[in-house]
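Some structures are shown below for you to check.
In the two complexes below, chain A is the common chain; its partner is chain B in one and chain C in the other.
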Partner chain A sequence: MSKFSVKIFLLAILCLASTFAALTIGPASISTQELVSCLMGVCQNTVTEMVVWQVRLPRVLVGLVTGIGLACAGTILQNITRNPLADPYLFGIVSGAALGATVANITVANQLTIALPLAAFVGALSSVILVVVIAKALQRMEQLLLTGIAVSFMFHSITQFLLYLGDPFATNRVIFWLMGSLARVEMSNFYVISTILLFALVIIFALHRQIDALLLGDESAASLGVNVDKLRLAMLAICAALTATIVAYCGGIGFVGLMVPHIVRQVIGVTTVPLIIGSALIGGTFLLWVDVIARSALDSAEIPIGIITSAFGSIFFLLIMYRTRNNQEAR
Partner chain B sequence: MSALLYIKQLNWKVSGKTILNNVDLNVSTGEIVGIIGPNGAGKTSLLRCILNQQKDFTGTIHFKGKNINSYSAKKLARHFAVVAQKANPIFALSVFDVVSMGLLPHKTMFSLNNSQDLHQMTLALEKVGLANELHSQYNHLSGGEQQRVLIARALVQKAVILILDEPTNHLDVYYQHQILTLVKNLNITVIMTVHDLNLAAQYCQRLVLLNKGEIVADDIADKVLNPIILTEVFQLPCQREQDPVTNVARVYFHLADQITTSDNEQLSTNNEQQRNPTNNNKDQTQAMSHE
Partner chain C sequence: MKLLYVLQIIIIQTTRLKMPQIGKPVLRLKFCLYFLFFNIAIAHAQPSTQAMLTKLNKSKPTIIALSPHIVEMLFDIGAGEQIIGTTEFSDHPEQAKDIPRIGNYIRLQLERIIELQPDLIIAWKSGTPSDDLARLTTLGFNIVYSQPNTFEDIASEIEYFAQLTGHSEKGKDLSSKFIADLNVIKTKYSTKPEITVFYELWSRPLTTIAKGSWPQQHLDICRANNPFKDVNSPYPQVNIEHVLQQPIALIIQPVSFNQKNREGFNWQDWLTIPAVKNNQIIKPDADALHRMTLRSLGELEKLCEEIDLVR
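Entry: the complex of A and B
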């Protein structure tokens, strides 16, 4: 068994164990024995059965695919832009979603259950389309990230303006939604996210050699027969659809797509196949535990997930800076 | 039309500015052709046209008797391998990762590396003298070793023509000779752009001198490295002598104000000597380029 296989096997075990553990931890404590019997359809307590099937399982499964999806999107965006700081959120996806959610709040506030995720999805996709159109018009496809940041600020300012004009209740609702949470997710959300995730993974694995070729530069990839602009556009569209869906259901959960690929590159590899497998397993596991902290750290309320991932992210980057400084001094 | 690569009346303009002007060039199997010329002469542009990375040129480029436009990008990559100037990957790619990129044009979607691919990659690395570096980090290798890894990638690509764009840039003298000796011993058709005229003369069977997008000379090194032509093209006084070891022509350039009166007289005498025995080489080479 190769080193890579051993690492992936261990990460897969960790991910599976975390999924089971996450199902047992929460305000209502469920023992492993109870959980196994409930999952096998022979639950002795109807309350436990309801908690497992209607509350815990959808939440844990959505958390798992959300972590996998965000980590995979971050991985692909970093590899196609050759920028270790690329993240789905830097392409204006969250600011687009926020604008969509704000508009929905103002216009159809009484039908928010359906309208908010839908508007957020439309907003996120519009933002990415705008980024690509501008980058293409400027003939600077390699500077997608800078265009993304510019569009992101533009959308953010429009959102702020609308929130400033809107009523305080709507403003609170949008701000809370943007902090990210898995509290309101349903099993149907899991089916939608995992379908798009599966579709994205199939495309990524089909084109893994082309994506790898980009790592040595656009001209190098073109000389190997890769249509660089088309590939970059296709990958961006896939990542946008994946992230927009996740943001629509779970709100803004930052730093996962930025942080996880960094860790995986250090321990597993930099090319697409090992990186995606590693990022998926670590991203999924990470978000499961973040959600566990979110719902069990405080007795009276839940902490929005985005707050925890951002806190982890900032500490992580300070550690990276510290390590880089130490490495430079060692030289 | 028996040439492996046949280029006729190649013209390329960008916003009205001529980049390549009536370029005619034939490359036969096994030839090592060096493209030389000052900055902005059109060397890299010519390579881009040959690789079909530039679509808006006029004229004809045929490879193996077929128009270059009739090849898909993937098919073209099976015939042409490119070794560019130094690559600086951001992420920590291994030698294995870089060399396996060469398999891309021969692979289908989803396909992973098999034992045969691994064998092929090991053979290529053996050929460039880096058999033990398969799992080393590419960024940790020296500039010369990195270029050899890129040549190994080109070998894995199984291309018919190897295109090198300034392969010796950033390399010290030792690695310059090491890389070009390696390329010469590969026994495949090579087209390379080189800034160092003496290196080009030493390793290329034929030199093509470009200036302002036009071919000024296309011949063996001894004829192309003509001080009169080179002085005109590079706008610097040029002197020439024969290398005592390899007996290949060597040229030297000096800034005009660095040349003393006696040097100037010597230069004029040398240039006169060059002019007479070859009976006006410039006219010959220019005539050749129009044929």
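Entry: the complex of A and C
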């Protein structure tokens, strides 16, 4: 067994074990034995059945696919832009989703169950489309990230202006929605995210050689027969659809897409296939544990998940900077 | 709203909603329609007293109250003992502090609520997370809403909750007395000359109130003129320059028990404002003034009296 296979096998075991462990932890006290028998279809009472099947299982499964999705999107975006700071959210996805969520909160506050994810999804996709259109008009596809940041600020200012004029409760709802949470998810959300994730993974694996060629530089990739602009656009569209769907259901969960690929590069490898497999396993495991902290750290309340991922993310980033500095000094 | 329920029932009846049957296109459409109408319906629904009493089928149901003002209302009608869970900041009366917490205005702990199995959940329509409420409704919990926008709404909600919780008589008495007392205050101040006031809701940034906000009705009843009443946002941020242009005779600076140390706006720098020059700054109890409960009437009366002294 190669070293790579051993690492992937161990990460897969860790991911599976984390999924089961996350199912056993929650505000309602359910023993492991009760949980196992309930998962087998023999629940001791209706309360346990409701907690396990309607609340905990959907939440854990959505947490898993959300972590996988965000980490894979981050990995692909970092590779196709050759920018270690690329993150799904830098393309204006969250600011677009926030604008959509704000409009939904102000106009149809009584029908948010359907309207909010829909509006957030439309907002996120509109933002990415705008970024791509502007970058194309400028004929500078390599400046996608800078265009993304500019569009983000533009959407952000519109959101803030609407919130300033709107109902104060809408402001609260949008602010806390942006902090991210898995508390509102249902089993149907898991099916939707999983389908898009599967579709994205199939395309990424099919095009992994072309994506790897991009790592050598645009000119080298082109000389190898890769249509750089088309590939970059296709990957961006896939990542945008995946992230927009996740943001629509779970709000803004930052830093997962940014930091997980960096860990995987250190531990597993830099080319697409090992990077994607590693990012999926570490991203999924990471978000499962972050959600466990979110729902069990406080006695009577939940911590929005985005706060925890950002806290971990910022510390991790400082560590990367420190390590880079040490490496440079050593040279 | 009734139409939505009727549509929902028709769709359920015709679909005989069982998942394996949702394969044919027509049934898929019906399922989608059911889903759409169901969600719209649950978001708006306030069941009638009779419908909810039939559902509850209990004289003293157990309750989860999802905001401090609802807890206070329930204690007022004598249903405090029936509350088995509430949200943070439910601090009045003193016994309310002992009720187990199951979340806050950001997020509810669904697992804890399922575990507690309340007969009835009373939620604050605009203040409780709507997605959590939608989940609780689909899980089959009985939910009614509180959304008092006026003093009269407090009276009607007191009566409604009293009927649901098995305290009808007390609810009726409290409600009638509340309305009678409110009318006395309204009559007393209705003919008084207007006085211009500034309501300092928050100091940094300087934030006041306008039409559509809860405290604006206090000012209307006390015949106090709010120069910012017609601003589009209910809680607008204002520049001190805007305030300086107004003949402000009184500054109202409500202070909450939970935020005693909050720094108020330093009005002493602005002696050109008549209220500052004459030291006419009052600090009513924000908790009683801003919480939509029976207590707010007492605070309204005090506020009107203090405004009257400056007139």
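In this section, the second predicted complex is superposed on the first by the 331 of 331 C-alpha atoms of A that agree within 3 Å, B and C clash if a C-alpha of one lies under 4 Å from a C-alpha of the other, contacts with A are read in each partner's own complex, and residues count from 1 in each chain.
Quick note on the criterion: a contact is a pair of C-beta atoms (placed from the backbone, for glycine too) under 8 Å apart; a residue touches a chain by one contact, two chains touch by 3 or more.
Computed from a predicted model, the values in this text were never measured in an experiment.
Partners chain B and chain C, brought together by superposition on chain A, fit side by side with no clash. Note on the composite model: angle chain B-chain A-chain C, taken at the C-alpha centres, equals 150°, rounded to the nearest 10.
In the superposition on chain A, contact is made by A:A183 with chain C only, not with chain B. Shared-chain residue A:L207: touches chain B; no touch with chain C.
Using the contact criterion defined above for the overlaid structures, shared-chain residue A:L224 touches chain B, although it does not reach chain C. Once chain A of one complex is fitted onto chain A of the other, the partner contacts of A:D167 are limited to chain C, with no touch recorded for chain B.
In the superposition on chain A, A:L215 contacts chain B only, with no contact to chain C.
Once chain A of one complex is fitted onto chain A of the other, the partner contacts of A:V270 are limited to chain B, with no touch recorded for chain C. Contact comparison for chain A: of chain B and chain C, C touches the greater number of residues. In the superposed model, A:A301 makes contact with chain C only, not with chain B. When the two complexes are overlaid on their common chain A, residue A:N83 makes contact with chain B while staying clear of chain C. Superposing the two structures on chain A brings chain B to within 33 Å of chain C, judged by their nearest Cα atoms. Within the complex formed with chain A, the residues of chain B that make contact are 51, 53, 72-78, 80-82, 84, 87, 89-93, 97-98, 100-105, 107, 109-112, 157, 163. Every residue of chain C that touches chain A in the complex is listed here, in rising order: 36, 39-40, 42-44, 88, 100-112, 114-115, 117, 126-127, 129-132, 134-135, 139, 232-235, 237.
Chain A contributes residues 79, 82-84, 205-210, 212-213, 215-217, 219-220, 222-227, 265, 269-271, 273 to its touches with chain B in the complex. The touching residues of chain A, when paired with chain C in their complex, are 26-29, 47, 50-51, 54-56, 109-114, 116, 164-169, 172-173, 176, 181, 183-184, 186, 295, 299-302, 304.
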